[in-house]
Amino acid sequence: MAYFEGVGKINYEGPESKNPLAFKYYNPDEIVMGKTMKDQLRFAMSYWHTFTYMGNDPFGVGTMFRPWDNAECPMEVAKARVHAAFEFMEKAQIPFFCFHDRDIAPEGKDLAETNARLDEIVAVIKEEMARTGIKCLWGTTNAFSNPRFVHGAGTSCNATVFAYAAAQIKKAMEVTKELGGENYVFWGGREGYETLLNTDTGLELDNLARLLKMACDYAEEIGFTGQFLIEPKPKEPTKHQYDTDAATVLSFLRKYNLIDKFKLNIEANHATLAMHTFQHELNQSRINGVLGSVDANQGDLNLGWDTDQFPTNIYDTTLAMYEILLAGGFTKGGLNFDSKVRRASFEEIDLFYAYIAGMDAFARGLKVAAKLIEDKVFENFISNRYASYKEGIGKDIVEGKVGFKELEAYAMKNGITPNVSGRQELLESILNQYILETK
Amino acid sequence: MAYFEGVGKINYEGPESKNPLAFKYYNPDEIVMGKTMKDQLRFAMSYWHTFTYMGNDPFGVGTMFRPWDNAECPMEVAKARVHAAFEFMEKAQIPFFCFHDRDIAPEGKDLAETNARLDEIVAVIKEEMARTGIKCLWGTTNAFSNPRFVHGAGTSCNATVFAYAAAQIKKAMEVTKELGGENYVFWGGREGYETLLNTDTGLELDNLARLLKMACDYAEEIGFTGQFLIEPKPKEPTKHQYDTDAATVLSFLRKYNLIDKFKLNIEANHATLAMHTFQHELNQSRINGVLGSVDANQGDLNLGWDTDQFPTNIYDTTLAMYEILLAGGFTKGGLNFDSKVRRASFEEIDLFYAYIAGMDAFARGLKVAAKLIEDKVFENFISNRYASYKEGIGKDIVEGKVGFKELEAYAMKNGITPNVSGRQELLESILNQYILETK
Amino acid sequence: MAYFEGVGKINYEGPESKNPLAFKYYNPDEIVMGKTMKDQLRFAMSYWHTFTYMGNDPFGVGTMFRPWDNAECPMEVAKARVHAAFEFMEKAQIPFFCFHDRDIAPEGKDLAETNARLDEIVAVIKEEMARTGIKCLWGTTNAFSNPRFVHGAGTSCNATVFAYAAAQIKKAMEVTKELGGENYVFWGGREGYETLLNTDTGLELDNLARLLKMACDYAEEIGFTGQFLIEPKPKEPTKHQYDTDAATVLSFLRKYNLIDKFKLNIEANHATLAMHTFQHELNQSRINGVLGSVDANQGDLNLGWDTDQFPTNIYDTTLAMYEILLAGGFTKGGLNFDSKVRRASFEEIDLFYAYIAGMDAFARGLKVAAKLIEDKVFENFISNRYASYKEGIGKDIVEGKVGFKELEAYAMKNGITPNVSGRQELLESILNQYILETK
Amino acid sequence: MAYFEGVGKINYEGPESKNPLAFKYYNPDEIVMGKTMKDQLRFAMSYWHTFTYMGNDPFGVGTMFRPWDNAECPMEVAKARVHAAFEFMEKAQIPFFCFHDRDIAPEGKDLAETNARLDEIVAVIKEEMARTGIKCLWGTTNAFSNPRFVHGAGTSCNATVFAYAAAQIKKAMEVTKELGGENYVFWGGREGYETLLNTDTGLELDNLARLLKMACDYAEEIGFTGQFLIEPKPKEPTKHQYDTDAATVLSFLRKYNLIDKFKLNIEANHATLAMHTFQHELNQSRINGVLGSVDANQGDLNLGWDTDQFPTNIYDTTLAMYEILLAGGFTKGGLNFDSKVRRASFEEIDLFYAYIAGMDAFARGLKVAAKLIEDKVFENFISNRYASYKEGIGKDIVEGKVGFKELEAYAMKNGITPNVSGRQELLESILNQYILETK
């Protein structure tokens, strides 16, 4: 049974196409910097936003037309969703998916039944994976929606909730392994605080580290070799999320000696909620060697919540791909569309329009970024700009050969070499030209 | 010669006083939690905002009436400022001051003359310190105002500017030692970036670490035993300041093995620019053992720049003192008013009104915080809230005795103990009662 | 049947009381500025946040324990809620309530049934009102939660939705009249836009004006004499809400000649979402003669969404009451707690703690504001500050007797009289003293 | 004497050019929508940011190399700036300039001397205008930098300052007339407040209206036929600027019956400081018939102050030109680059790079916008979306033929016609394609 009957496979038709159901820039097999676009971009569908989000918001109920949800019993809905999801991914040429445990199967009356339900759906997913060749980019745990997590999961003040969360992660990790997931993500849904008046931040952060340590131990025990990823976010749902931004997570990982076990899953909208640019968070991840994977979406800087819009801003996609390529490209990670159609885009067809919009925006961004790197546009500029550290006193500084006394002597004798303009406006203009003219 | 002729010593007159030139809450010798208010609060005057800020802003020139600036030559002005500053501190009962090298003495034609000028003024300051008993809380370097630092100091792309900055810090550290400064502060004025298009963030951060390492070495060499402090700020003057917030600085210090050598100087307005509360930054510093000193001021959350207003919000002063007291109170640090009178408060007398406002706000905050701690208001609540980690499965978690398998077994068998309300509204109401009723 | 069995009437016990279920500052019959506190403050309960909000948020389902919701059929729940609500208001001494049509009765299969259900519940409410003496402050329409309003109600692109909204408002206005509601509120739930790419803002705003004009006509027709109020909000749920802030609504009302028919309902959290202070919005309403009523709550300026927290900040309550008293106090309006307990405050008892927190904060604010006005603290300062407009050239300016030529002649001859400090720090310090010392 | 010796006239070389001193998109004589690009865009140079801004910021002094400032006496500097400015405009092909009175001539010892200095420089400017054919887009008054305006100009608490401001505006208006300025701009530099504790907002706003009324009277008296423009801004330098945004200014103009005399000068960065998009402010101006002129620049939404960067974001320039074209294009207004080079772009050549960046970005934006309009991309979509208002019940609503009773009857009988998706993602994707593919 087909759920998207009126839609066939989305094909690449090129920049001149007026067909709304075609790619204008995403040409899966085209080679860019030595790999196919498909392999460079490693697009993934987010199961939650695409197949369980109904359009509800704090001021209104769901709006989405989702015929596959019409089955009466929750497990039948869950199975129908699997089939709809794989039909959608096939047609939209999306090679990966990402999921939370609770996206794919509804909770049962207790943890045992919940786990059994998960197994039942996992079997269906595996069939579909085998049939289509679509793979699992990553799995994760939803330890934030259920009321039991009202005070957090690993940072709950209630130790039995910590235990429950641990049990849930254990199972989700097993399921991710079963599905061949290449990564496992930790996003700290309710790991944060609402008010410091009732919170022991020290204990909560220690406990969070304990939980992650247990996860590392268990992965080793069961031979799960996927990459562990932490996804930073500064606020929402809690007032303060502990995994605020890349720097905060790095501080945490270093403090608790977890830095070798984890990389980061950088989300564009979470970056902007933290008052950083998307590129900034990718750049910081890159220079610290922890750029693992990316949640591709975009926020609205005039709005203060996580809008998770489909990414269409070409500057963002270009500069994101620029950092990713500089980091050597994806290995286990990919571009997961942690993006949802607007509440007013409630028709099934909008799912295709939205993914096409995002995939085309990243495809174009990839090509522009590759051209910028091939032409060494910014790299040469930067190399010249910092040339003073490659010789003389600069080289001595970098090599640790001088201290305050030597530098004072140098400054007393030589003063400074004149500074040169940073050329920001020229560089922005060149970036525009690359964006507009790259073919 | 007196510069504030119409004003005598500001005395404590109590909460009922209608005298605008009297303290209503700051009673220096009153004992609070085992120490005098004076010793608990360790108030310091910021030399820059109080004695060199003229009221200019991006849209207008200075407005301040500062008669001591009337001398013709810059060094005479500098000396007059010293006398005015100490007269002011004496009258306002401020026991400490903080300064940048360039606040106290103007630059000369080259570094040698600049350093000589600094020495000349330092001698005058030492006389005044001896006369009055006022001490130096901390010194620092202004390596951001001069055009040579347009691209940064320790993070400049120009190695000769790095050398110049090192020479400047060397001298400022010597001067701080000479003045008996109890701390030395690093605020990264232009250590950040304007655009990633022209910036090598990796090299810049490595260089910043190199500079700090050299500072540690030199301190050891000359026997400077003051505490090194880094002051986080997220933006302004640069688009992105590397020392973004407490977490970012901690990540940096841990990465470069500098964590044992530095503590933090937390500024209220920098906290809010980073979208944190002042209390949050103090709390994070406390639980990481790096709460060194405080820049006392307040920002305006509707404005996006560093307004550095005098702190008058009683919630902020209470919760700040609460964290400081929980951390054991100040040792070397103190409350430096990194605060400036509004551009429209341009009369000399406004300096007194402003410091009285800030000192009274913190004095009241201290008393409320002390009462909250004595009554264990929040501590008891928190202790009960996390009681599940003191026995049974919770204790096993904390002590590392269990892993995922044991916790899954526990959760399967026991489910969860019901959660209890976090009581935020009740706690906020109790806080109000303490603020309003503490005597 | 009692739903809050363990709780009796909340009484005033004064500032020293340690009883969490007592008022410390709200003393209903105490006279402040010539009226009882009860009559000055005119507290109202919000039906939605107090009796229908279940604690769901974008990342989780409801958490609230609400035993009155246990009935099986929706109409039985609705009736139980009425009884619970009036029991709550009686015990908490809240003299008014506010409601949306859809808060009190669930929708039926069509508009006719929906209206009939509304009538059935209204009858129950009227009984309870008669029994308790509690009154209706205002009613309103929920024309935003149902999917039919996905593109707006009065600003929908779908004319049949406009018609439906009109029908709904008609009925809600009738019901409000039936319940003796003293005001009727228009909050433009989804009256705004998501993207300008698909929006005809000109037509939408014209239509919104048409809808309000119809409302005025119908009120006249049925003799509804309650005050019409518009409640500004800048964003959420839509990206841009047309009724952005007080100034925007005033511009709209003036453009469409509706300025004589409407006043404003100012919400604290909506003010801060618009980057204004609560006091600013009240002040602008006051000087334009449109301060109608107030939605009492508070936001979190570090968060970018409408948190609708219970108001506990004493500065906000003081300065709000200051503007309200300067405007002559409430006539038809009041202080509606458009506030919800935090998701983690999920016990029934938290409703009492939260209302006590808010009522006490406003009671104290009222007393401080009254004292500030009685002592003419700010009024005298302001009167002196602007004295130059009461005589000479200033008087001529105000009376329209001079133009550019006369003023140029004046300036050429006289230059300017020196400016005087604005004394912001002193005034803030005095405000603190009043807040802390008012008894 | 030439100040930009190494630079010749900037010519159009097309999108493939690698010459940094050439236009890639701005082809002055190319016809777009029936006019030359030059006449559609009406680019203007801002005298202040381009020829008096020295690169100072709150944390540092000026950095700019500006050899024409080397003259010793201020009037010689002023004259040299005129020659440098016209050389620059000629070479960069900028047909207009905008100025504040105090940009072009320094203040003298009193108003009479100041005015005489202004006249002296105006004569020089007129010569250069005659020589080059460059015109004046608009003039304005700087009534915010001098300390006399510390409390405002038209909203000062000091009536003699009001008089002084009136005299200054009188002269600036005369000078603008003398120079053939097509508009006169009012930007309320310090017209706002710092704290409500010392401010009579009612009197201040009344006075501001009085000042504008006098300006209207005087313009009529001297026959100045330029368009009066008000430029909204929400904050900075004051905490709250009275001319907050387009809606606030419209409310003010309507309240004081000034709506027929003024249009708006919309600045991109001021829009974003007010939490609106640039397009939003232009759209609101358009639908209210007050889109007068534009200050072309861009802000940084992660920063909270007016960065006034050169506009390079192609989305912003496209959507701005889209609104401007829909409004019928510029008549008296134009695109004034109220933009400054970054402090680190301190070389003279950066002025060219920056203007080229901005002019090219707007030229491309113009072409994309024109193509979108020619193809009726969004117009057709919108026309269909609102089709229900062109017939039946929708037409009756628009024509005022129905009220609540008729609409209730309609809704009871017909319910609603199903809603259709808003298609935001598809529209964003189409916009991308137009931006990238328009030639």
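Each chain carries a letter (A, B, C and D) given by its place in the written order, and its residues are counted from 1.
We take it that a residue touches a chain if its C-beta (ideal position, glycine included) is under 8 Å from a C-beta of that chain, and two chains touch if they have at least 3 such contacts.
Only a predicted model underlies this, so the values are computations on that prediction, with no experimental measurement involved.
K.L.:
Given the pairs A-C, A-B or B-C, which one repeats the contacts seen at B-D for over half of the pairs?
P.N.:
A-C
K.L.:
Looking only at C-beta pairs that count as contacts, which pair of chains has more of them, A-D or C-D?
P.N.:
When C-D is set beside A-D, the one with more contacts is C-D.
K.L.:
Determine the centre-to-centre distance between chain C and chain D, using the mean Cα coordinates as centres, and give it in whole Å.
P.N.:
Here chain C and chain D have centroids separated by 36 Å.
K.L.:
Taking each chain's centre as the mean position of its Cα atoms, how many Å separate chain A from chain D?
P.N.:
A distance of 39 Å separates the two centres.
K.L.:
Where in chain B do residues touch at least two different other chains?
P.N.:
147, 150-151, 194, 235, 275-277, 302, 342, 344, 346, 419-420, 422-424, 428, 431
K.L.:
Between the chains shown, work out who touches whom and classify the graph as line, ring, star, complete or other.
P.N.:
The chain contacts form a complete graph, every chain touching every other.
K.L.:
What residues of chain D sit close enough to touch chain A in their complex?
P.N.:
That would be residues 15-16, 20, 24, 272, 275-277, 301-302, 310, 312-315, 341-342, 344-347, 349-350, 353-354, 356-357, 360-361, 364, 419-426, 428-433, 435-437 of chain D.
K.L.:
Chain A touches which residues of chain C in the complex?
P.N.:
Touch list, chain C to chain A: 55, 57-63, 144-147, 149-151, 189-190, 194, 235-237, 239, 273, 300, 302-306, 342-344, 346.
K.L.:
Flag every residue of chain A that touches chain B in the complex, lowest number first.
P.N.:
Those residues of chain A that touch chain B are 110-112, 147-148, 150-151, 156-164, 166-167, 169-171, 194-203, 205-207, 210, 214-215, 217-218, 234-235, 240, 244-245, 247-248, 250-252, 254-255, 274-277, 279-280, 283-284, 287-288, 319, 378, 381-382, 385-386, 388-389, 392-394, 397-398, 400, 402-405, 407-408, 410-412, 414-417, 419-420, 422-424, 427-428, 431.
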